[in-house]
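When the chains are written out, they are named A, B and C in that same order, and each has its own residue count from 1.
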Amino acid sequence: MFLKNTWYVAAKSEDIADKPLGRRICDEPMVFYRDGSGKVAALEDFCPHRGAPLSLGFVKDGKLVCGYHGLEMGCDGKTVAMPGQRVRGFPAIRSYPVAERYGFVWVWPGDAEKAHEDSIPQLEFFDNPAWSYGGGLYHVKANYQLMIDNLMDLTHETYVHANSIGQPEIDEVPCKTTAEGDRVVTSRFMHNIKAPPFWKMAMRANGLPDDADVDRWQICRFSPPSHVMIDVGVALAGRGGFDAPDQDKVYSVVVDFITPETETSMWYFWGMARKFKPQDAALTDSIREGQGKIFSEDLDMLERQQKNLSAHPTRELLKLNIDAGGVQSRRVIERLLAQEAGVGA
Amino acid sequence: MFLKNTWYVAAKSEDIADKPLGRRICDEPMVFYRDGSGKVAALEDFCPHRGAPLSLGFVKDGKLVCGYHGLEMGCDGKTVAMPGQRVRGFPAIRSYPVAERYGFVWVWPGDAEKAHEDSIPQLEFFDNPAWSYGGGLYHVKANYQLMIDNLMDLTHETYVHANSIGQPEIDEVPCKTTAEGDRVVTSRFMHNIKAPPFWKMAMRANGLPDDADVDRWQICRFSPPSHVMIDVGVALAGRGGFDAPDQDKVYSVVVDFITPETETSMWYFWGMARKFKPQDAALTDSIREGQGKIFSEDLDMLERQQKNLSAHPTRELLKLNIDAGGVQSRRVIERLLAQEAGVGA
Amino acid sequence: MFLKNTWYVAAKSEDIADKPLGRRICDEPMVFYRDGSGKVAALEDFCPHRGAPLSLGFVKDGKLVCGYHGLEMGCDGKTVAMPGQRVRGFPAIRSYPVAERYGFVWVWPGDAEKAHEDSIPQLEFFDNPAWSYGGGLYHVKANYQLMIDNLMDLTHETYVHANSIGQPEIDEVPCKTTAEGDRVVTSRFMHNIKAPPFWKMAMRANGLPDDADVDRWQICRFSPPSHVMIDVGVALAGRGGFDAPDQDKVYSVVVDFITPETETSMWYFWGMARKFKPQDAALTDSIREGQGKIFSEDLDMLERQQKNLSAHPTRELLKLNIDAGGVQSRRVIERLLAQEAGVGA
């Protein structure tokens, strides 16, 4: 069960160039390509002729051509042409609303009439010279909600990421979870601590003394269907923390777009938008590499957790205060799923 | 559902030498070996003692010996001997009618009493000094009928084999399909065209100018259960095409024996019999290598098509004129399956 | 269906050192680790917090710490602590009785109240300076009873192990099977034969002429749930065979602890305890290496046999005199399974 009337990140813009890209999203096989004007189109990855995957074909003059017998598909799912055939009566395949924003391709797997680009989240840190972004993509064999749980409870950093961003103080300082409408926020503020290795590196990069006492914050923001933006950073102790002036802190947003592939697998688009030294491309690369290593530490845990849960589907799990962010996010998803079912979406 | 009362190619003769060969055919595990006289035998690959696969054993004095506890099996499926045992009461395992012809081993998975070697197809190009044959075997994870479809509609050459045997004229010239009894023929004749790379090579090999205009033909002949013989070639333009004298053309037959392994996999014996320079062994090798590369281009397409179809088992596919060969061949198979069911085969 | 109220070998003692070990036994995921005193504990491999496998965690001060969010688990399955949490109400996970003996960790998957270490088999050759032991572990994708069958009918040695311990005389000399209570013994005594390669090596190692005529014995002893100890050896012919004085024979025990993983896979702990040259560590290594090679020859046969049997679950197999050891062992297991079911275990 997935929310369908919503936007998911399907791909990085750069991954859809001259060749079509096949990708399963919400258990639907899709093919993405660029039409003649460079606009991205998303279709069912199923040729109406003989069922071949269109993603094995190619793009010619902005039309997607099936690589098996040359059927030419339009971006509306209607066959445009086929050598030697009259195609008017060919059954259409499904086309999906698709948009390109912030360097990502977004797809709407549900009812096309309900799709409006306005509902793509507004994110201040993209397309903004004060910020810089770098990120990557992982395929993870676990239900996408396990990743939301993971990101809405950062106490796991102390254990899974002990050598980079984890530190005991995350465990010791309680978090606070609030929900407002469809949004859930879990925040934690730590004062007068030492920065962990990742943030020491960031402090040095930004010209701050890495052995200074700092205030650290983590503000995890869930919005449906499965986006988690996390304000993270450290400021020199006593300068206002999250609200400290820019020169006294290093501040970034962990950007997580989580897209279900199947019930037990996901596409995980991870990245970091930072508000310090935005022009420093080498720093962007270095952070991306570091974050990629750190985030890969979660994968085995989530995949093995999924196996345990698949083997015990009815077993109750604990819902502690630290789990409140994930639990509330699940409630939002459940409520929206019920809404979609109710209106026959 | 497979036709059972029919001959399938099980192996190349040379692949059954001193060791037994295990191979699943029509979803039945079989073991092939040569008895004392060199005659091939085919049995169920299941030792009646403890269920070990007999194909893990060895052949001794023409008897198949189980590699686990030494049971000696006769080619009729009856146990011949076992150390320290009286074997008369041992249950027989199934033996399959088997024949060797044209360098292949043929097996009859159905009712043994109905098996007659006369019904193995008569093929003029084998055992004939005017012809030469070379071929190979691919294991393909797709239903065998997808390969029949593939071979009965050669418009796919323009797309899948664009750099070797494909050319736009295949799409442009309509094909004609006829059915007579259990046989289906789809033919296409192209006039005054340039030869594609594979045929240019063949023309050069046969001393013809490879830049000459040619007439090209493709005559795909299906016969049950799943044999597809395709007359292919080019002749200097205006010399009679398919009927041109031998010195003005290069002519061969694409030989396809397609043997179901399971419902979603097959053994695909492909090859080419040619009627030019039959003594030229180096040319045989070169053609085999080229054909092997070309035919391997189909495999990914068919396997991915199978996945799409498995995910949408009830979805209707198009049946265009170019598909008539495959569609009619499927009808023949369906009719024969109904016949087999009706007579309790 | 597995016997649960019994001891299985779960691991070699040395394999549970400073890190937890996850291993599925009788289809239950377990985690093994050492507590603060070095005592081994066995728990369900499922964190009560969010279902992560505890085996991905670590051991700290003798407590098993979940690697996801730091829950500290006690060896009784009760949560000891968790950062920032009161854990008294946390649901317990299952703990399994566990014991360490003979260099192995033994686990009792059944009713803990019935577990007594007294029922771990008494084995004279462990912890005994007159003997020396070496062995290894194989993971085999076959039901554990197929391995019992294998070991209780050594006629397979003539075929599977033709170049090491097999010889035709094993086939020729009948075996004798007796059952007494839950124990089954199949024995074979061969007189005035030549030793096969493995035993020639052992004779040389023990200062005996390897070309001498020998008497050879094989006494296979099954005890539930799935232990098979096999007295094996050769003595100079006419010196009393199994009862010959130590200087006239080479004598060892093949030690087989067979632990079900799933219905179609097992952990196979194999080894050899020998009563000659026990101090010779190089000989121990050499025998372990040789035995490892020999026993690996069985794996493909058993895994392929399992596939055949899975495909034909209802097909009757033969029960010959040579199979009596396996057949009687299966009856013991069935009787004990019925007992366990009857008492609601």
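Here is the rule we go by: a contact is a pair of C-beta atoms (placed from the backbone, for glycine too) under 8 Å apart; a residue touches a chain by one contact, two chains touch by 3 or more.
Everything quoted here is computed from the prediction, not taken from an experiment.
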Taking only the C-alpha atoms, how many degrees of rotation bring chain A onto chain B, rounded to the nearest 5? 120
Taking shared numbers over all numbers used, above half giving same and below half different, the chain B and chain C interface sides are different
Taking each chain's centre as the mean of its CA atoms, how far is chain B from chain C in angstrom? 48
Which residue numbers or ranges of chain A touch two or more of the other chains? none
Parts of chain C lying in touch with chain B, wherever the complex brings them together: 149, 153, 155-156, 158-160, 168, 171-172, 174, 300-301, 304-305, 307-309, 311-312, 315-318, 320-323
In the complex, chain B touches chain C at residues 29, 45-46, 48-53, 56-57, 65-70, 82-85, 90-91
